[in-house]
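Each structure below is given as structure tokens.
Presented sequentially are two complexes of chain A, the first with chain B as partner and the second with chain C.
What follows is the complex of A and B.
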């Protein structure tokens, strides 16, 4: 039986990734998850009821990320982000991501953002979309580290998931 | 720990399994596995997909059939008091024996007959002496309504 298997396997070896004969045929491909993350020039959906955010979404020109406050410059849930909204530069915190998440963290159909100012106070008064519970922990950590209070977002959230 | 239900197949989701999706309109879906998630995203109706619980419920697969047949609705009869008669009166009338009822009826018939006789006699007395004075007639006439107002014996006819 093992001899048979080896016999069958040998012709297929010609077509593996490592084989010199067919280097371009890839049997196993792997989509790297960091490519699905939010980065420079990603368009993002504003989810609070701030005036600028509403106008931008209504016009069809959603905020565009121009900087991610992160070592890797790739943003996920809880990362602070600099965006252009209607010609102005505003900071925001990412609140929902389309990327496949780890266990326990919900995935949303759109990349959601809540606009804040430098101190962490949100520009809007209410968040319409459900927010992941994990943000509680993340925002607490960030608050201690930077001195600005980022947990104010959680107080305007209407629903947690 | 809390055991959730899959939004697509309605299977139980034990802790450590499953994936949640938050849709743009705010609705939250929890899926047991990738199969359920993919089916949902493909917009397949779970009521048409054979292996889901929704399909089985809709097409009545399994043991639920027997339980449904046993349940039958029964209307309950109520005895209520009406404006004209209280509950005790109604019950007394209902529980009256047929002999008693018959006796009441006979009594009523007798009373009615006697009344008729009396009225006839009064009429005769009134019509016979035509030349009688008006005062007597008036008196007799007055008597008539009094006699007619005899009390009824027994219940309703």
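What follows is the complex of A and C.
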């Protein structure tokens, strides 16, 4: 069994990063079309004016998702995610996605995120991107009395579409 | 087998007529009764035909038969010429040509539903490239309504499932919203600028600089002569340098500036292989391909002769409503 596994795996080893053939075999094609899903290790764009977020974007190292706080492990508008930003773990709310959306829900050209702390208070004071109107409903639903208050990010938004 | 030959090839006209008689019994009866009624039409029907005549769009694939067979229905050509432009103005009334999805009863019921919805809301004539404003009933919005303005980059789907996508750049961020054309949450659709572009869809605007898709939300509808033909905007968009969202070189885009300097030799080779394997040059002679991807002209005529009277009535009443000036009570200024 182990020999069989090795037999299957060995041609694939040519394509690993440690392989000497790697410079020759650069895999820059996709077998299927891109679904633009937000999952683990997806890069997102920070659109608020928090110091750490701005710095990470300016350095060309945008936040990377390391956990999605729902059972599907796929993030969409209004989902809370955990990210690494400049080596620190920060939480954020997804406020815009590239994915195809249903009737009347905007789809943005980039995957946008707003950084928050554990109580739902945003780290920045202003959001520069347009925010989907549906986020108002979602954030109100997710807010629990005496728990995290996510409606604060709605009050720092500059524009809703 | 006879059904393979579409109407539109002059030499096959008698065969196609025969096939029509064989294949669509009930519908062709409706068609002929409509044709007989033709000379003594009601005012609405005449209005609809005038409506059709004013839309002098070229009908490329619906070629009409010039040297008509003497045994043919003399009104047929006239009817088909009349309804030829309708497929550009009301494309969603035509069903999906995929044969396994066809269902005549469902299509008829859906057309009735569409007319019912159109009696409640003015859905204007618009094309890919037109600028639209859509007001939506939105329970999350402060005033319970939400308005979006943008350029129509794509129309897809048929019948009740037809959708269109608007794109705009808001505060430097590209935003797109897809609307279902017949969704009851839509309160108003206004065409702010009616024009066409050179391509079937403008998805390449995602890879173009933002000025090509930036429109103010307080844009005023442009006045135009309703009898004039729809202008075609021959703007050539300059795409951003690669990477792109899609391989635009495969799309044979007309409204894009030459981007051949962007392509590497590897991509040129692939492009040529692709053109050969897809039958790029020969596709227009492929009868089966045309058959599978289009609705025959005679069937289009049946569909539109079924709905054109009601459509004309709706258009006339909605135009009348538009002409009526809304009375604004003068307010006292101190």
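Everything that follows uses one rule, which is that the second predicted complex is superposed on the first by the 124 of 161 C-alpha atoms of A that agree within 3 Å, B and C clash if a C-alpha of one lies under 4 Å from a C-alpha of the other, contacts with A are read in each partner's own complex, and residues count from 1 in each chain.
Keep in mind that, in the parts below, a contact is a pair of C-beta atoms (placed from the backbone, for glycine too) under 8 Å apart; a residue touches a chain by one contact, two chains touch by 3 or more.
Please read these numbers as outputs of a predicted model, since none were measured by experiment.
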item	value
Chain C versus chain B on the shared chain A, clash or fit after superposition	clash
First, second, both or neither for A:122, with chain B first and chain C second	neither
Touching partner for A:92 - first (chain B), second (chain C), both, neither	neither
First, second, both or neither for A:133, with chain B first and chain C second	second
In the superposition, chain B vs chain C on chain A residues touched	C
Identified clashing stretch of chain B versus chain C [45-53, 81-89, 99-107 or 135-143]	45-53
Chain B/chain C common contact set on chain A	96, 103, 106-110, 128-130, 159, 161
Chain B partner contacts - residues on chain A that touch it in the complex	96, 103, 106-110, 128-130, 159, 161
Complex contacts: residues of chain B adjacent to chain A	16, 19-24, 26, 28
Chain A partner contacts - residues on chain C that touch it in the complex	136, 138-141, 146, 148, 163, 170-180, 183, 185, 206
Residue ranges of chain A touching chain C (in the complex, touch as defined)	47, 96, 100-110, 112, 128-130, 133-137, 158-161
